[in-house]
Amino acid sequence: MILQHFEDQESGIMNAIKKNPESASPRKKLALETARLGKRLYSNADDLVWAGPLVPFDLLNAMEVTPCFAEFIASILVSTDAGPLFFENAEQAGYASDTCGYHRMLMGSALKGMIPTPKLLISAMSPCTGGLAAMENLARVFKKDLFILHIPQKESDHGVRILANHIRNMAESVSSHTGKVLDKDRLRKAMENTNKTRDILSNIYKLAQQVPSPVNGRDLSNFGIVLPLFFGTEVGIEIAQSFYDELKSRIKANRSGVPGERIRLMWLQNRIQFKNNLVKMLEKEFNASIVIDELNVITWDPIDPEDPYIGLARRSISSPLNGTVERRVKQIVKLAEAYKIDGAINPCHWGCRQGTGARGLIDSSMKEIGVPVLNLEVDCVDPRNFAEGQLITRIEAFMEMIESRPSPW
Amino acid sequence: MYYLGIDIGSLTCDAVLIDDSEKILASSVVPTGARNREAITRAADEVLRSACISEKEVTATVSTGYGRKRVEGRLTAVTEITCHARGIKALLPGTRLLIDIGGQDSKAIELDENGQVVDFAMNDKCAAGTGRFLEAMARALQVDIEVMSELDNGARGDLTISSMCTVFAESEVVSLIAEGLKVNEIVHGLNRSIASRTLSLIKRIIPDIAGFPIAMSGGVARNSGVVRAISNAMKSKVVIPPMPDTIGALGAALIARERYSHN
Amino acid sequence: MKDKSKLIGFTCAYTPLALIDAAGFAPYRILPMGDSPDQAGHILHENLCPHVKRVLDRGMQDDIPELSGIVFMNSCDTMRRLNDAWQKVRPNDNTLLVDLPVSNDPGSVSFFAEELALLTDTLSQWSGNNITPERIENSIGRYNELAMHLNELKKRVDNGTLKDGSLRLQTIYNKAATEPIKDVMEMIKQMIDETNELSDGGLPVYLFGNVLPDPEAFVLFESCGARIVSEDLCTGSRMTHSIETDKSSDVFKRLANGLLSRTACARTVDPINPGKMALDVVERANACNARGVIGHTVKFCDPYLARMPSVRDALKKEGISFLLLEGDCTMRSIGQHKTRIEAFIEMLR
C-alpha cells in the first residue's frame, strides 16, 4: 500500500513535468527524489538502516545502504489515508497520546507491518530521549540489532574524538549487518559531494536572507532536515542546485517569494506535516512570508575527504537539535538578525520535551532583541486534534500586533 | 457618522454602536445559539433600534470574535485580541494587562503605555477556566449561572478543585456534593482553580505583575467571585470596565471608525 | 572556604555521590517536594515532567538551602532543559551538566569516565580541595557501606519484619539523599537492630517507576491493602549501589561502569537486548513473589511512557496483574488513585 503511494507519487510528478515542462520546480524535484527514496525503502530491494536524524547519512550513502530517519517516514505516513488509523493503533497498543506524534505514528504503523524491516537500527540520545526509546521499541518489534551512537552535548576535543571513533565503529557495525564494505574511494567521493551540497546550501540561505526574500513560506519547508538524507550523493547536489537556480532567477526577475512581502517570519522547530491553510493564509492575508526555518542552517565546516570522521563528528555535535538551549537560542537570535524577521512562530509540537521544553527560554531571549514570538499548541503530526480556526485567530492577532509596532530592525 | 462593532463569541454575540466622537450610543448582548447569522442580525438590530438609527446610516462595520468572518458587509475582520485591547484603551487608558475570559477561551494581553498589544497568550485548546466551564459547573451544582457569582460568600476557602478539565471537574464537583460539602465552598474552590489557571497564563507573558494596572473583560468579568479569586491570586487589584462583555465589540467599533477615516 | 555552604545540589539518581563526598561536600538532592507555587511551566513548558518542574519551582522560590554548586546529569531531555532553565532563573549558582551516555558499552564507559574526571576538576575548584585518588577511594568505600546497609534494611522491609517498613525506609532514603552520610548511617544501624515484628497481611506487590519520594505514598499503598515487597524507584533503591573497589583499574572507569550498569532507569538502554526493561520487571516481580505489579511514573516521562506497552505485554504473558499510575509528585495526585489501588488489590485477593 505504501509502496503504491510512492510509485503513484513518482509517476504523477514525472507525468506532470512531461506534460508541462514549465511546471518543473525545485520543490517538485525534491518531492520526486523523496518518492524515489520511499520506493527504495518499501521495495525491499536495498539494504535499509533506520537511523536517528543526527546520524551521518552520507556515510551510509557511501556504503550504498539506504538511510532513513523515523521522523521522515512518520511525516510521509501521516499524509496517507491510513494516517489516523496508525495513531489509533499506537494508542490502543498503549503508546500514550502524551508522547510525540512522530514516534506514535512510527509505532502504530510498525505494529501494522507498514514500516519496512531494516538490517540495523542506529539511534542517538540526541535529538531526544523519546526518539531513542522509539528506536529501541522498533528494534524489539523487528527483532533487529540496535546501535547507539553517543553524541556528546558539548563541543569539546575529547567529545569529538570519541564520537569520531564511535562513527567508525558504527560503519563497521553497518558492514557486518549488511555485508556492504566502506570503500575508501567511495567515502572520499561522498564527502566531496557533501561539501559541494553544503556550499550550495549556504548560497541558498544567503539568497533567502535578501529583503524582500525570493523564498515564499513553502519553498524551504522541511528542507534542512530532509536534505541530509541525500548528503554524499549526486542527487543531493542536483536538488540543492535546482533550488539555488530557481531563487537566483527569481531575484533576476525581481520577483519576491511572496508578492509585496510585508512581514518576515521565522518558523521554529518543525513544520506542521499534514495539510493545513496556515502558511497560505499568512501569504494571502498579510503578505507575510516564512523566510527562515530554524533548521535551515549550516553549523558545520566542510569535511576533510581524507579524514572525514572528525568532521562528521563535529557536524553531529554542532546540530541545533543537540546540546543546551543556550546554544540553540544563540543560533536562533543570529538567524533572526541575519533574516531581519519581524516575528517568530513556535508551533510547540505537543509531546516534544527537548524542543517545546525550551519555549519560555526562547521567548525571553527573543524579547531581548525585540522580536515577538507566537507560541501555538499543535501536534505537528497528528491531525486529529487540529483546531485550525483557533490557530488562525492566534496567528491573525499576532500579525495585527506586528503590524502595529515598528520593525525591530 | 455611525460605526458598528460586532463580536461573535461562542456563547454570546455582542454589538456596540458609536458615533464620530467615539461616544457609545447603544450596546447589546444576545445568545449566539446554533445559528451565527441570526444572532448577528439580532444583536445589530437591537443596537440600531435602541439608538434609533437605520442600517443604512452605519458608515462602517468591523467584526471580531470566532465568527468574525461570517458578518456580511463588514469593512474588515479583526481578532478579538486586538479589539479587546482597543476597547479597554478607550475605557480604562493606562491598562497594561488585560485579562479576557470569554465563553470558550481565556487570554492574557500585555499592552504598552500607548495601549498597543505587545504580547498575548491564549489558553490551551480546552474549556478549562472559561465561561463554558463555569456553565458546566453551575449545571453540576444546579444553580443559576447568574447567582453563582455571589455564591462563594462565607466560604472558609481551603477546598481546591484539582481537575481543570471540564469533564473531570464536573464529576469531581458531583462527588464533592455527594460528600456533603457546602455549595459555597465548592464555588469558592472552582473560582480559585480558575484563578490559578489564569495566573499561569499571565505568567507566561509577564513573569512579574507587581505594579501593572490590570483590567478584565469578557463575560466572566461579571462574575465577582471569579474576579475576587483572580485578584487574590495575583495580589493585585483588578479593574472591571462597565459592561465588560461588550469590550470586544466596542474595540471593533472604534477600529471601524479609525480604519474608515484612514482609508 | 569555611563560610561557604558544604552542600552540592543534585537532581538525578545517576549522580556520582562519592565524588561529591570526596570533594568534602555533602550531596543534597533537591527533591520534588514542598509547596512552592507552580511557576516552572512558564519558563519551560507545561507539558514537561512534573519532577523537573517542581525542582525548578523550588529553585525559583529559593526553597533550597545554600548550595556551593549543583550537578545536573544529562539523563533525559527534561533534565537537560532543567539545567538550561536553572541558568536563567538562578544565574549566580555554580552549575555543571555532566553528560551521561545511554548504554554501558566500553566506548560509553570511557566517555563517561572522562566526564567524571571533568566533574572532579570542577568540584575541586568549587571546594578549593585537592581531590586525591585516595579521597575518592575512601568516599567510594563510604558509599558502598551505605549501599550495603540500605540494602540490608530494604531486605527487612521486603520480608515484612520491620514495623512501618516501607514508610520508614522511604524516610531514610530521603535523608540519605539530603543529609550527611554519617548521621544517616547511625539511623540505619539502629533500625537494623530493632527486633523483628511481622507486619500484618497486605498483598505482596512489586512497585517500580521513577519519582515517588513522599513517605505518605507508602502509607497509602498499605492502607489500600498492598504490601510493597520490593521497590525500584529513582527516589528509592536506585539511589545507591556499590562500586567495584579493585584498585588496579582506573577509578573513574569503575565509577562510570558502576553507574551505567546499576539497576537501570528507563532512560538507560541495553542495545544488545532491546526492550530489556520489560523482562527486568518480570524477573524482579517473580523474584520477590509479588502477586501484582504497580508502576508509578510521573506524567510526561518519555522514557517510561515508551516502555510501558512492552512492560504490560511481558507481565500479561507471565500472568502477573499490572496497575499503572501516573502522578505529578504531589500526594494529591497519588490520593486520587486510591480507589484504583483498592480495586486492584481486591481483584488480586
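The first chain written gets the first letter, and so on, giving A, B and C; residue counts start at 1 in each chain.
In the analysis below, a residue touches a chain if its C-beta (ideal position, glycine included) is under 8 Å from a C-beta of that chain, and two chains touch if they have at least 3 such contacts.
These figures come from a predicted structure and were not determined experimentally.
Of all chains, B has its CA centroid at the greatest distance from the CA centroid of chain C. Counting C-beta pairs in contact, the chain pair with the highest total is A-C. If each chain is reduced to the centroid of its CA atoms, chain A and chain C end up 36 Å from each other.
Rounded to whole angstrom, the centroid-to-centroid distance between chain B and chain C, based on C-alpha atoms, equals 46 Å.
The mean-CA centres of chain A and chain B are about 40 angstrom from one another, to the nearest whole unit.
Counting partner chains per residue, chain B shows two or more touched chains at residues 124, 204.
Multi-chain contact residues of chain A (touching two or more other chains): 360. Looking at chain C, one finds that residues 42 touch two or more other chains.
Across the complex, chain A is touched by residues 42-45, 47-49, 74, 76-78, 80-81, 83-85, 87-88, 97, 99, 101-103, 105, 107-108, 110-111, 114, 266-267, 269, 271-272, 274-275, 299-300, 302-303, 305-310, 312 of chain C. Chain C meets chain B in the complex at residues 38-39, 41-42, 46, 332-333, 336.
Residue ranges on chain A touching chain C, taken from their complex, read 93-96, 98-100, 103, 125, 128-130, 132-134, 136-137, 139-140, 145-148, 150, 152-154, 158-159, 162, 165-166, 169, 324-326, 348, 350-351, 353-354, 356-361, 364. Of all residues in chain A, only 360, 367, 372, 375, 377, 385, 387, 389-390, 393-394, 396-397, 400-401, 404-405 touch chain B in the complex they form.
Taken in their complex, chain B has these residues touching chain C: 124, 160, 162, 196, 200, 203-204, 207.
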